[in-house]
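In this document, chain identifiers A, B and C correspond to the written order of the chains, with residue numbering beginning at 1 in each.
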Amino acid sequence: MIEIDGLTVRYGKKVAIENLTLRVKDGEHLILMGPNGSGKTTLLKALLGTVNFEGEIKLNGRETKSLSRRELAREIAYVPQIFSTPYTFTVREFVSMGLYSLTREWWKEDARIDEALDKVKISELRDKTINNLSGGELQKSIIARSLVQGSSYILMDEPTAHLDIKSVMEVLDVISNFRDKGTIIVSHDLNALNKLGGSVLLLKNGRAVFRGDKTDPLFKEKISETFDTRISEIADFLYFPLT
Amino acid sequence: MKARSVAYIVVALVVIASISIIYVDSQKAKPKVESITVTDDLGRKVVIPLPVKRIVSMDPSNTQMLYGIGAGNLLVADTSYDWWPSNATKLPKVEMDNGTASVEEVVAMSPNLVLATTIQPLQIIDQLQNLSIPVLVFEPANISQIYSDMMTLGNVTAHQSGALKEVNFMKTTIQGIESKISSYPKVSLLYMMWSNPMYTVGPGSFIDSIISDAGGINIADNLSSPYPVIGMEQVVYDNPKAIIVDNGTPVTNISYFKTGNQAPLWHNISAVQNDTILFLNVTESNWMNEPGPLTVYAVQMVADFLYPQAF
Amino acid sequence: MKVSANIFVISLIFLTLFNILVSLSIGPVHIPLNQIVSNIVLYSLHHDTNWTISTILFYIRLPRIVLAVIIGMILGVSGLITQTIFKNPLGDPYLTGVSSGAAVGAAIGFLVSPFLVPVLAFIFAMVAVGISFLISRSDGEVNTEMLILAGVSVSFLFSAVASYIIYLKIYNLRGVLFWLLGGLYGATWSDDFYLFATLLFIFPLIIYFRRELDIMLMGDEQAKSLGVDTGKVKTITLISSSLVTSIAVSIVGIIGFIGLVSPHIGRKLVGESHRFLVFVSPLIGANILLVADTIARSTPQGEIPVGIVTAFIGSPVLIYLLYRRRKM
């Protein structure tokens, strides 16, 4: 369970997030939506502890500010957006970096690595070097790495943003099959909203504008208001039917 | 308008005519000048209008050669490094800032001749030449070149007899030294210009020629550079019988060789065991480093040091 | 992959030992191989040996060879740390201002008293590094982008100061020039002792942090999310590397290219991961510097500064490596 109370994040004079209160249940997939600059990425950073914030964030009852980096990494994992990388680690080496918070011996073979590769369906890429992966393959490798951390939550920043249709569907499929893991996913992609349960937080100017389920009629109203468009127009482009 | 064009043409003609008249006139006004052409040590052929009455020297060795041939009275300015003879120290100084002089200071002395060495950047020499001030660059690499440079100076300053006298004096002195030491076995020598790294003098350097004139064998003669760094292992192997330490190094007394942290390496070397180490003072160092009439003292000093039995 | 990397490490160790033996037999004074062997044998059996040859071998060549190996290792480690932490393939150990700071100290030393050169070089090197760190501080954690800029700016400033000081007493130019280009002349066993202690400090340190260094290549944000205390790692490794490099520079002057090139060659052999790179980079540095110094002290012109030789060896290697990278 993630409990956020009175979260305020400032970058100099600018207030990126103002007095946010949020509850995320165990195993919940929360889609974080909002226009650019609304505070989505900042919220992820606050949860990860990479920005200074006022207020309280508790993970499973413990305040994140009181946790060491390692302890925090055992509770929350992060899947950033990377388009490509120049480094020549193999996929296996790359994924095994996720074990750092759990054990210092990360070069030994570990069943958890193969398990993760399998879950994300990239077992055959095990010995390929990460600089030679496609965008979709790299994204899946990062997801596999976050799985290996064994955390209760995974934060994702636009995981489907630059992927082709097939990869989008595969990635969303993988996420929907997570056991015992909640996610907070920043996404403009309504496909994610559809496929992953429909729980959404809509931000605008650092404030929560809507928190609830996609089926709530208020949601459609708020989305139209925030993005200045009608949701029914968007529905024509979805991969999964909007229910 | 026709009138305007005519006016322009007239003005142009007048201007051309005036310029031509002035030019022809100036040509007539130039007196015929007697001059002499000499070659300096850089191979430059320099035309020097005579007579030479005012000389600026940019280096102590040039100053000394001038005084040596008896033409010191022609010197109007020298450098802050000049120390001999005492008259030279009283002359106005062309500002010597770490080996270079300012062209303005030189020109302000209205010289008809400037004497330089290769320490001065070539641009300064070119600048002076462009201002019609002849510059002679002297850089003797051995005693014979000192003789020829002094003879050249003698020609230029109308002191041929003075130059000849000085050259003969030096030749005789040197020959005297050589005959006294000729019967003795040659002594090997290390000449220390700096201790760490150990800079020494090699073939092609002036000091190396002094050493051989004084009958010494420079252990660095196998190194093909005039100012090489010699490795300690070569010194250990060659085991010089004598060491001369130039002035201005951090090595100022014998403790460096006997008790310093490098001492174990020097321990078995002949020169150290027999205490045949000569530390040069400022004057003696100048004799070694400034080619000129005082070089005879340098040769005498080294020969004396290497062959005390001969004198 | 695992197996072959181990082989590389072991081969490099053997190569280093072989290199040491070969370098022992090369020098301005020609000593035939059989004499060297017999001298070594007699010496270890505490018998009387030819004094000249023993002195040359054990008090002149060997301490210098050992020094080259140690310094090469130090530079190989420092260079690797710098390239990883700054994520800059052109990083070298002097990036934070060490070389220019040391140059100022050395210049003052040569002006006042050459015996003070090592101490002054070290002090001013650390001053320059300290200023770089102070300028680039933000929110407590080391900001690597700012630190590079700070290091470069500080280097410019200190270089200018050093040049001016050198110019003041240009008569001493030869001593200073040799120092600036790097030289292992006059190496003694006590130099080796201090530098070995320095190596004993930095080598285990980089071995300890090799996992963190791997992860930090992916960027601060990802590293933090994986549990790495990036602030602590950056501070400890960079300060240690600067400290150790300053000590090395204070004794042998500024030797370039070793710190830059060794990690790259290492990566070509054992890959990106620091698991083996922390062993391979220093070993490669040791061998390159040893070869360079053997050449530097044995030219027909006498001894030349080793920095000149490392530049001659290093630049073509660097150009070749960059060229290969382009083709990929």
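Here is the rule we go by: a residue touches a chain if its C-beta (ideal position, glycine included) is under 8 Å from a C-beta of that chain, and two chains touch if they have at least 3 such contacts.
Quick caveat, the model's predicted, so the values are computed rather than measured.
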item	value
Identity of the chain that, by mean CA position, is farthest from chain A	B
Distance-to-centre winner among chains (Cα means, whole assembly as reference)	C
Centroid spacing, where centroids are CA-atom means, of chain B and chain C in whole angstrom	42
Inter-centroid spacing, chain B versus chain A (mean Cα positions, whole Å)	80
Between chain A and chain C, centroid-to-centroid distance (C-alpha), Å	44
Chain B-facing residues of chain C, complex	27-29, 51-52, 55-56, 59-61, 113-115, 167-171, 174-175, 178, 183, 185-186, 188, 190, 297, 300-304
Sites on chain B touched by chain C in the complex	98-99, 193-200, 202, 220, 223-225, 227-234, 236-237, 239, 248, 250, 261-262, 264-265, 268
Residues of chain C defined as touching chain A within the complex	1, 139, 211-212, 214-215, 217-218, 220-222, 224-229, 267, 271-273, 275
Contact footprint of chain C on chain A as seen in their complex	48-50, 52, 68-70, 72-74, 76-78, 80, 85, 87-90, 93, 97-98, 100-101, 104, 106-107, 145, 149, 155
